[in-house]
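In what follows, structures are represented as structure tokens.
Both of the next two complexes hold chain A, though its partner changes from chain B to chain C.
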Partner chain A sequence: MKKRRSDSLLGMAFFGPALVLLTVFLFIPMVLTLVFSFTDYFALNPNLTRFVGLKNYVGIFKDELFLQSFFNTVRFVLIILPCQGLGALGLALLINKVTICKKYFKVAFFVPVVMSLAVVSTLWMQIYSPEGILNTLLGNLGISAQPFIHSAKQALPSIAVMSVWQGMGYQMIIFLGGLQAINPGLYEAAEMDHASEWQKFKDITLPELKPLCVFVFITVTIGAFRMIVQPMVMTGGGPSHSTYTMVYNIYETGTVNWEIGLASTMAIVFAVFVMALTIVQTILTRDKEENHVDKKAKRN
Partner chain B sequence: MLTKKQKGINWLLTVGLLILSLFFLFPVVWMLANSFKPDAAITADMNTVAAFIPPAPGGSFFDNYLSILTNTNFLRYMVNTLFYAAILIVCGVVVNGLAGYALAKIHFPFRERWVLLILLLQIVPMETIITIHFLMIARVGLLNTVVGYILPMIVNPFNIFLFRQVFINLPDDVYEAAQLDFCSPLKYFFTMVLPMSKTVVATVSVFTFLNVWNDYLWPSLVFTSSNLLTAQIGLNSITSNENTTMGQTLAVITMVTIPVIIIYSLFSKQIVEGVTSTGSKEG
Partner chain C sequence: MKRSVRRVRKKSGRRKAGGTAMAAAAVLLTAGCLAGCQKKQVNPGDIAGFDPGEQYLSLWVHSIEDTEEGQAYRQSVDRFNEVYNGQYFADIEFVPRNDSGGGYSDKVNASVMAGSLPDVLTVDGPNIAAYAANGIIQPLAELTQEEKGAYLESILEQGTYQGKLYALGVMESSVGMYYNKDILAEAGISVPEAGNPWTWSEFLEILEELKPLMEEKNGYPLDMTFPVGEASIYYYAPFVWSNGGNLVSEDGLGVDGFFNSEEMKETLGFFRVVVEKGYMAEAPIDHLFESGRAAFKFDGAWEVNTVYQNYPDINLGVAPYVTGDNWDGGRYTPTGSWAYAASSGTEHLEGATELVKWMSGVESGMRIWELSKTFPSTYEAFDDIDVFQTDENYAALYEQLKEYGHPRPKTPVYPQVSTSFQQALESVALGGQESGPVLDKSVERINAKLERYIRK
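Our next item is the complex of A and B:
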């Protein structure tokens, strides 16, 4: 009995510092965000704050700028997710097959990961500049100079391509780890059955990698959803808000315009989307896995 | 033994990947090569292969680097960031490590609930609450202070969980033996638990360093005064200055990346293990 009591004291003493910080910097901000999202809290005039119910929630979905930032974010996800996810998988499969210079390839495709978002953004501003190296290279191929980040049409895809370039190596390493963890016995057995390369890929590699694919695709989606630094450094959200993302909008509404109430509402919507995406994706992929098992069972 | 056909495919793949990797790396090669050139040479070389080749080492080879180091606060920003990273590594390992140990080994009320909560907290995107962090820090008058920058960053649910997963596998008999020797729990934690778990301490430290070094959003909110800036924010203020030349810009971003490259080459094993283990754990 005595030991148990001293254990609870000790436990709280060890867990205490973390719990205090978790409370102050995670729980309370989360609750405050939720509470503020129903108010018109304006940080420069906090005394006038009133509860406004769902007004903010209705308001932001009528707000053109919010809708634009939302659809821009979705567009980022739609470009980055397939390119980065499949690109990383493809690279990992190729590098896994190669026996020469394997180490070089691992490092080479990982290099951009090492660079920070601000560094990569600054570098690519130079690369995308009207008289920059990319336009010079394209000129040699007979393609006329492109405006890239300086046009409302091309800015978003240009930033998306850069992000894919930067992030791909990280997921490639994850996939390589997964490929190396596959039991080689499976391939040996398949070879005895004279399975083709494609069959081996389809029936062994892909199913074995499935859990990892789920993880990678979730991480990439969430990463793309959180996009802010690249447009902040490169375009300031422009031209004409074409690269303005949800997080950028939250950031400016809250810390530049001081409209905490409105920013909190956007933050809640953003958080709901990110968390819902995580859940939906997990369910979707789990279903597929079960179907896969079902099919196998039927075949047998 | 590889058959002739397989060997051929292997070579073909290697050459293909080699070409792909060159295309992939062209921005980095261009950055490195031109960070040693004056702007006139950068523009002149643009349309030739020389755009990807550094100039011959000579008197003006390091001019861009030297002018950044002497004419701007850049070195200061680098030192600032190293200092912040050091504080956050120490605080982070102690706070998150103690919490992880409590959740792994000490029986205290609601322990399993706390573990579940820590797991759930990992899904909440930080961007949601960054406005509130800013507001809180501003309200208590800690904007533009090191404390205000560091406080919200110490605790990390992910690291708590990581520590717990490692500590849970530590043998219990060492603890019992230590208790017989009247070793206090705190002393036991610092002299036995942490040294026995060097790998996870290294992993957490490395990831904390990279996080601090590469972070952009939070320091850009907290710091406005020039002598406290981190390397990333400082880099932005230097490169957005009109007087900074293209060559100097490339030199700055190269220098900001150097510490990270050193960390990656020293700890590549821990990093790759950390990266792949997060993958397999979730899956």
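Our next item is the complex of A and C:
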């Protein structure tokens, strides 16, 4: 009994400071955001704040710019999710097979993750510039110079490609860890059954990596939804708002235009959307997993 | 059984106690923060140089102390404390600001809520209207005609909102239409005298004439972009003003009939022609002008120093800023920079005004030029700095500022006007969209932001 009490006190001592910090810097702001979202809170004149009910919520769905930033963000996610997920898996498989300079490749592909997004973005502005490396290469291949981030059509995919390149290394390391954790006995058994490389991949590697895939899937989705630095540095949301994302919109509404109330509403809508999506993802992938287990059980 | 119930009870009691302790800690921490965020009470002797009998004045600037600009502010404050020893003591605080304007303004916003604004703070020129309209800053104490007369007209104009003077800047800025003397000489084109600028129709002819020559040089007649951010409205709004238009109404509370006026449409039409005819690159190319591949460039006054220091091969000239076809000779060229203002929270308006006057005065202005090569804001400072007399390019920029400087729109919804201007320019000039609908949409969006000011 005594021991338990001291244990719990000790636990509290460790846990307490974190909880206080979380409360002050996370929970209270979250609640405040929810409260502000029903007001017309204006940063320059907080005294005039009034409750406006659902006006902000109705308003943002009529706001073309909000809708555009929403669909831009979805477009980003739709490009980044498959490219980054599959790319990371591909890289992990390749590196797993490589025998020479394995460490070098691991580090090389991971380096962009460590670099600051602002630095990477500035770097890629040079790569994408009208007389930059990429256009010079294209020129040598006989392809005319592309505007990339300076055209409303190409800017979004260009930034998405850069983001994939930047973020892929992280998921690659996760997959690599997963690959190395697979019991080699499974592959040996498959070899005895004369299984082809594809069969081994499909029936051993993929199912074993499934839990990791779910994790990667969700983290990449959430990460892509939070896109702001790249468009902010590279295009300022342009041209013609083609790279204006949700988070960018929230940031500008709140800090540049001082409309904290409206920005809070956007943040709440955005958070609810991402949360809902994550829950759906989790349910969908979990079902499949269970089905998979069921099938296995039946087969046995 | 009983024992176990007791145990459970005890446990929950403990949990409650723990929860209460934690809640108390959270409250304490919050309270501590709030107290910390409150206006700090400084007593004589707390800071070196602050003596009994002196009036304490706090000052926030939007800069980092280690920069040249920060050093200039530091030295100016030190001098103020020397000169006003026994009367005032100014305490400067440096609040870093990032490029998109965060940091410093976040701190100001937070302080508005907490009621902890300093006595004097810096405000970016175009934000003066918003700060004044929302009661963050108050009009300065009365200045004599002589005191006012020391400042460039553009500085007084920038600091005035609804007839009252709120702010005075130590820095003024300007944009030049730079040209490459060698290229124009090669093409046999001569630049007009100051006061007799090219209209944009004339300018389009010049660009047409230059195009073949510049194509030979693998360049363009004009090095120009429509960047996101403040630059676009700063560089190109003069075309609207000199065409007889205005972006906002006189009181700053209306845009319909201004932002979507004919003059505005004509201006966008001019830029569309520049893009369409290939007088400028559609995607920005770095250092086009500096590498001798463009004949003209619009850029801030800092460009002169950049070219002198880093591109000595470029033979630089400053031409009078191009005007719209309907120019009546009035003021139209770019101006504006950060300025000092007295916060509405200060109880020492006289002292705050003295500090504002000192920080924006002649001596401080000459210092800001010396250390960071930023233009000062008083006639005397310009007259005392040699280069504005001896160097033709600097002299031309000063002349332009003095004679034709025009502040940016004075409206509390300036940020929205600024972004809308850039977007309209981009959509019409680069995107080829019809200007009417684009501008009407902008008006709608700005109006939505104006609502809160009209309602009052």
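FYI, the second predicted complex is superposed on the first by the 280 of 300 C-alpha atoms of A that agree within 3 Å, B and C clash if a C-alpha of one lies under 4 Å from a C-alpha of the other, contacts with A are read in each partner's own complex, and residues count from 1 in each chain.
We adopt the following convention: contacts are C-beta pairs under 8 Å (C-beta built on N, C-alpha and C of every residue); 3 or more make two chains touch, one makes a residue touch a chain.
Everything quoted here is computed from the prediction, not taken from an experiment.
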Room on chain A for both chain B and chain C (clash or fit): clash
Which of chain B and chain C A:131 touches, first, second, both or neither: both
First (chain B), second (chain C), both or neither touched by A:100: first
Which of chain B and chain C A:150 touches, first, second, both or neither: second
Touching partner for A:255 - first (chain B), second (chain C), both, neither: both
First, second, both or neither for A:240, with chain B first and chain C second: second
First, second, both or neither for A:19, with chain B first and chain C second: both
Partner chain(s) touched by A:84 [first = chain B, second = chain C, both, neither]: neither
Touched partner set for A:45, first chain B, second chain C, both or neither: second
Chain A: partner with more touched residues, chain B or chain C: B
Region of chain B that runs into chain C when the structures are aligned on their shared chain, from 58-66, 220-228 or 274-282: 220-228
Shared contact residues on chain A - chain B and chain C: 8, 12, 19, 24, 28, 43, 131, 232, 255
Footprint of chain C on chain A - complex, ascending: 5, 8, 12, 16, 19-20, 23-24, 28, 40, 42-46, 48, 64-65, 129-131, 147-148, 150-152, 232, 235-241, 252, 255-259
Touching residues on chain B, where the partner in the complex is chain A: 10-11, 13-14, 16-18, 21, 24-28, 30-31, 43, 46-47, 51, 94-96, 98-99, 101-103, 106-109, 111, 114, 121, 123-125, 127-136, 151-152, 154-155, 157, 160, 185, 189, 213-214, 216-217, 221, 232-233, 235-236, 239, 246, 249-250, 252-253, 256-257, 260-261, 264, 272, 275-276, 278-280, 282-283
Interface residues, chain C side, partner chain A - complex: 14, 18, 22, 25-26, 29-30, 33, 100-102, 105-106, 109, 112-113, 130-131, 134-136, 227-229, 281-286, 415-416, 419, 423, 426-427, 430-431, 441, 445, 449, 452, 456
Residue ranges of chain A touching chain B (in the complex, touch as defined): 4, 7-12, 14-15, 17-19, 21-22, 24-26, 28-30, 32-33, 36, 43, 94-95, 97-101, 104-105, 108-109, 111-112, 114-119, 122-124, 126-127, 131, 133, 136, 139-140, 165, 170, 173-174, 176-178, 181, 211-212, 214-216, 218, 222, 225-226, 228-229, 232-233, 247, 250-251, 254-255, 260, 263-264, 267-268, 270-271, 274-275, 278
